[in-house]
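One chain, subunit A, links the two complexes that follow: it is found with subunit B in the first and with subunit C in the second.
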Partner chain A sequence: MFLQYLARRAIGGFLVVLLATFVVFVFIRVAGDPAALIVGGTGENITINPERVAQVRQQLGLDKPLILQFVDFLAGLITGGLGNSFVTGRPIADELRVRLPLTIEIALLSEFTAWIFALPLGLFSALRRGRFTEALTRIFFFVASAVPAYWLGLLVLIFVLLTFGWRPPLGLVPPTQNLWVHLQQIALPILVLGFVLAAGLVRFIRNAVLEVLQEPFVQVARAKGLAESTVVMRHVLRNAFAPTLAFSGLRVGYLLGGVVIVETTFNLPGLGLFFVEAVARRDFPVIQIAVLILGTAFVIINLLTDIACSLIDPRLRERG
Partner chain B sequence: MRTWTRRRFLSTTAGALASALLVACRGGQPEPTPAPTTAPAAPSPTTPPVSLPTPVMEVTPTPTTEAVRRGGILHFNLPGDPTNLDLHQATTSTDLWCIGPCFDTLLQFDPHDQTKILPDLAIRWDVSADGMTYTFYLRQGVQFHDGSPFTSKDVQVNFQRIMNPPQGVNSPRGVFFNTVSQIETPDDFTVRFLLSQPDPALLYNVAIPWTGIYPAHLIESGADLRDTKNIIGTGPFKFKSYTPGVAFELERNPNYFDKDLPYLDGIVGHPMTDWNAVAQAFLAGQLHLYRSLTTPPLDLFQGKADIQVVGVPTTLVWRLILNARKFEPFKDERVRQAISLALDREAMIQAMTEGRSVLSGWMHPYGAWALPEERVRQARGFGKDKEADRQQAKQLLAEAGFPNGLEFELLAFNLDVTTPSLIADQLAQVGIKANVQILQLGEYVQRIVAREYQVALGFNAPWVDEPKSTFGAWITNNENVSLTGLWSDELIQLYQQIERELDVEKRKQMTHELDFRTLDEISFGMVYVYRPVIWHVFRPGILANWTPQPNYNLTEKHATTWLRS
Partner chain C sequence: MAEAVATPIARERVSAVRRRIPWVGITIVALLTLIVLTGLVGPSVNSRSPTATNAMARLKPPSMQYPFGTDELGRDIFTRALYGLRTTLLIAVPGGLLGTVVGTLLGLIGGYRRGIVDFLLQRGVELVTAIPSLVVASVVVAVLGPGRIQLIGAVALSLTPVGVRVMRAATLRVSESLFCEAARALGASHWRIMLRHVLPNCLGPVAVLASLNLGAAIFVETGLSFLGLGVQPPNPSLGNMLTGAASLYFSRAPWMVIFPGLIVTVLILCFNILGDMLADYFDPRLRSQTNA
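For the complex of A and B:
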């Protein structure tokens, strides 16, 4: 039953990714011609020879019918890997080697940091509802949700720079090479993004806990004479956890957006910038791979979230 | 202005600015060093190539008694990752900053004075009396990074590749050599360019760093020169490593032909798309130098006497392209004139460059061909009395049959969103409604290529401050090339004379004439708007023997740059 459910979800996910890839494939081809950009450099040299543009289009295979181009792209994926960038001619796989692990690292650690901020605060604010101390936590999440990550990042960087004359070392040193420098490079972006992500999470946890607190089984637990901490930890938190996790899973897009922003502010060579530059340059193969990777990540994370939720809450599994 | 997207665009389009090779800024005297630098060893050319330099900017001179400190790694920002590492195909400053130091050219611009051409791989040259033959005598004993010797065949094969690129290679500067009919190699160290017509611009074009020389065997093997393993030249630095998004590293070439150079052990370019990050990294001492097209955060540098911020007018000029094929009224000269009269160039210089740019013609104001400012001011729309200009513009519109003004679409790309709105605002004051449409660069270029615009805001971006480079692309009556569908046969004739004129003084006078008349008459549908600036931020106490230039493309070899600490 559960396996069947998984298989259904996996097939659905695959189709979603395929469809997204196709839609983007078609749309980017409508909005701008990479051949013109390649021939014309970067906009300054606008006296472009149309013959050269046609020649480059042919070299890039852009003169073929759309559907053939898409089939070529899929066939390339199956047989020969990710292909090369139109613009730089470099293999996309080479670019991903540095960028993908970094983006995953920042995304995971930021989300983790967000939970570390949010879980105690959310719980605290639900349990202390209506009291003065709750007001303080509310101020926290109002501020955090109002502050954009790039602005906070900038503020933190300038503050640290002007106060201590310090800035994270430029570039990116792999953790295997020098863990200490690596940590200096990623610590601030993770804290900043974690803080911003925490805002929504605190509010959600608070509401989820409040909702569970109203449930009859909590009253039963209390009536049984269980210690309040046991009630909270075993009954309330566990039940509030599943929806929060689901909420977190649905926010993958938001998380990835945040990663792009801190990557820019902190100048980290992640996927975000690479992909956005590809859009501006109309670098079709890179854009397609981007959609493929992000779409797959989105589908997998949602699937994992569902699985995790059903492990926490057996009722979800039965509903399947 | 401070949105993420804009920064991104600045980074990609820095390339645009990159391609502008500017002339002329003379700074402090290069200090005497224990050994000669690249140039002085060479004999003087038999024919002096360019007019006298014009000093324009005083940069803290280096004390002349100071001894050069060797070693150290120079760190600077790159506005993004390089896009094309094949020097002959590349178009952005980022590309050039990365690989330029790995290559030498036949001749080179003086890194301290871009109006001077110095020997490089050619130690001297001569030009035949009819201007149809250029002979270059090559330096002997020069080695490529792969150990192969440099000979005349390398020069021949490289220029043939630039002029007639093989399938799959895009050579944007091939057109510079359209007058070269043949390249001969009488012996291993002599190269002769035979021309089909006199072309005084040739000496400039063999000096631009984009015409660097690769080993002939590498080109003949058909290797993809975009690949980092093929970054092989004779230059003072060798390719070391490249990690996308992280760093582009070069190391000292121990076999450089000038045994005394370079002084630095290496160069590292850091791709950084966020200008705040760049400014902070500079303040934290992580960068020795940073350059940008956006105004640096001047407040952050205030009170820091060791930091110098220099804004230099570039070779680029913002211009309005009036497409008469898509907007009939532009066929009437009075309408075009009204648009030019409506623009307040000085207000734009104030607003957009903190007053660091200057009013000039199409040629660079500090270059050898500059149109004097008093002459520029005589052009219609360039005078001081803006109110009178506006009145005249309204009158011209009325005479042309548009007493209630007119309306068109103004196409721009998102490198700079303020300039188009300033233009629209100024046009509105004479009753012209310009509907600004800001596009992403890709879409913009596509529309330009298809000539699908009424008015477009774009750059005139010469690769070097030289008349052929500045005017060649638009002083034309070729329907396929013209962006406007408008031209003046008389001025085209004048341009053709400039192209061939060997007498420097006559050439200069004719260039002034063409420059003035294209500002004044708008006969080609190109309206001069203003010249932006390039910002250079550095610590003169640390960075030595380096001069900020109006065009940073020409200074990127760093053979004689050194660090005090």
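For the complex of A and C:
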């Protein structure tokens, strides 16, 4: 029954992503003429040669009916041919092969860093409950959730440069080539994004732990003489963990948006920077693929957190 | 997807002292008013131009003459920040409010009518939520161009789903009430029940939502401009003052980065705290729904 539920969620999720891609696809073609943009650039007073526009339109297959274009696009996805960038003419698949691993790396490590920040702080403030810890989590929450990641990134760069005279090495080096240099390059973006993401997480963990502490089974655990550390580790944390995991699953959009920002701030050539450059140059095939990837990531991660939650908390499996 | 989360509610003891005089709230509102008035009035009071360059005063640190210093072209950063603040506010505030109004109305309709309308709305919300809000706004800008109206629309669209979700939940709760049933029994039309009975009873969530959305709108607008997709240079916006030259000169002229970002942070901070206090005032349970 749980498997059925997961399957339904998976199918529903992918339909939503497909629909999102379709909406973007149609929006691009209806609201503007990509071919005219390519020929004429983005200026307003440029006279556009209609023959050239027609030629480009035919080259890119934009003269076919919308539905056919979308079918072509989907067929391309399945066969792995993602098409070429309008601007550089290079295959998008080649770009993604280099860029996706970096983005996944930054996203995972940032989320991990956020948990490293948030778990001790949230747990501490829930267990040592009082005015001081409440103020502490409040201030942390408000500051970390108000600071824009791009500004914090620049501030950290300034701080590190002025106090230690150090700045991350330029020109990204892949980890296989020189792991040490690579780590230096991604350390700051990960710390910055991790800090920003920790904001909501600290508060959620604190509230989740406070909630669990009031459950009767915690009282039972204490009453049967378990050490407080065992009560916290085995009973409280375990039960607070599942909702927290689901919460961070729902915030994946926030994480991915943050990745786009830090990649731009620190000039890391991942999917985010690719997307931003594509929007600036109106490189529509790239925009479509990026939206598809980001949406798919959201769906997949939420499925995974669902599965993880049900493994941690068997009660969740009951629900159909 | 939201059903999967068992929302924990902190049963925090609210001390009697904190309830009496909301000093924090008064300070925040005063600060916000000050910033917004400065942004709206400042540019017309200040006689300097935000785009006038001065080769004699390049990269000058903050001083009496240039409170925030100057940039690589000798432009006064204080003046640029004033104009940038106005640009940001004139996009983020209408965008945030529009997103709140549209989200509220759609959530109201969805929660009240249920059925197919609700189903379609929910799928629409999922569609927009599956993609980061900054990316949603970027796509709009990519297609429609970076004009002010387009930016307002982009900001509003990226904020709508939160509104729908919050308002739908509130409507589901309220429309079960006896007074709604009574109104229906008296023969009130659906619109009348929705607007005269359900909506006024959801004003708490809407106020919280509006405040948090204004903070989020500033975040989206400055983020877009920072990415180079929003307000286009040489026109200053608090976001685009941090890109381009600022990211090259930040080691020699940190003030180019510090001041515009500080204003953004304080603005977002104020709206978030305000939203939080409103939530505390109306219903502490709202908090965990909206700050995701």
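The definition used in the following text is that the second predicted complex is superposed on the first by the 304 of 320 C-alpha atoms of A that agree within 3 Å, B and C clash if a C-alpha of one lies under 4 Å from a C-alpha of the other, contacts with A are read in each partner's own complex, and residues count from 1 in each chain.
As a working rule, a contact is a pair of C-beta atoms (placed from the backbone, for glycine too) under 8 Å apart; a residue touches a chain by one contact, two chains touch by 3 or more.
Just so it is clear, the structure is predicted and the values come from calculations on it, not from any experiment.
Visitor: Let's test your reading of the overlay: on subunit A, do subunit B and subunit C clash or fit side by side?
Guide: clash
Visitor: Which partner does A:P269 contact after superposing on A: first (subunit B), second (subunit C), both, neither?
Guide: It touches subunit B, and subunit C stays clear.
Visitor: Contacts for A:L60 in the overlay, against subunit B (first) and subunit C (second): which applies, first, second, both or neither?
Guide: neither
Visitor: So in the superposed three-chain picture, is A:D94 touching just subunit B, just subunit C, both, or none of them (first/second/both/neither)?
Guide: first
Visitor: After superposition on the shared chain, which partner residues are touched by A:L237: those of subunit B (first), subunit C (second), both, or neither?
Guide: Neither partner.
Visitor: So in the superposed three-chain picture, is A:R282 touching just subunit B, just subunit C, both, or none of them (first/second/both/neither)?
Guide: After superposing on A, A:R282 lies in contact with both subunit B and subunit C.
Visitor: Please work out whether A:L154 is in contact with subunit B alone, subunit C alone, both, or neither, and reply first, second, both or neither.
Guide: both
Visitor: Which partner does A:R203 contact after superposing on A: first (subunit B), second (subunit C), both, neither?
Guide: Only subunit C; A:R203 stays clear of subunit B.
Visitor: Check whether A:V17 is in contact with subunit B, with subunit C, with both or with neither, and answer first, second, both or neither.
Guide: Only subunit C; A:V17 stays clear of subunit B.
Visitor: By the touch definition at the top of the document, which applies to A:I261: first (subunit B), second (subunit C), both, or neither?
Guide: Both partners, subunit B and subunit C.
Visitor: Which one hits subunit C, of these parts of subunit B: 93-101, 255-263 or 273-281?
Guide: With the two structures superposed, the offending stretch of subunit B is 273-281.
Visitor: Show which residues of subunit A both subunit B and subunit C reach, each in its own complex.
Guide: Looking at subunit A, the two contact sets intersect at 31-32, 42, 150, 154, 157-158, 161, 167, 261, 264-265, 276, 279-280, 282.
Visitor: Within their complex, state which residues of subunit A touch subunit C.
Guide: Within the complex, subunit A contacts subunit C at residues 9, 13, 16-17, 19-20, 23-24, 27-28, 31-32, 42, 134, 142-143, 145-148, 150-151, 154-155, 157-158, 161-162, 167, 200, 203-204, 206-208, 210-212, 214, 240, 242-243, 246-247, 250-251, 253-254, 256-257, 260-261, 264-265, 275-276, 278-280, 282, 284, 287, 290-291, 294-295, 298-299, 302, 306, 309, 316.
Visitor: Write out the stretch or stretches of subunit C touching subunit A in their complex.
Guide: For this pair, the touching residues of subunit C are 1-2, 4-12, 123, 126-135, 138-139, 141-145, 215, 219, 222-223, 226-229, 242, 246-247, 250-251, 254, 257-258, 261, 264-266, 268-269, 272-273, 276, 288, 291-292.
Visitor: Where on subunit A does subunit B make contact in their complex?
Guide: Interface residues on the subunit A side: 31-34, 36-50, 52-53, 56, 59, 87-90, 94-95, 98-99, 150, 154, 157-158, 161, 165-167, 169-172, 261, 264-270, 273-274, 276-277, 279-282.
Visitor: With touch defined as at the start, can you tell me which subunit B residues reach subunit A in the complex?
Guide: Residues 4, 7-9, 11-13, 15-17, 19-20, 75, 80-85, 91-92, 167-168, 170, 172, 224, 226-227, 243-247, 270-274, 276-277, 280-281, 283-284, 286-287, 300, 316, 413, 415, 440-446, 448-449, 456, 458-459, 461, 473-474, 480-481, 483 of subunit B touch subunit A in their complex.
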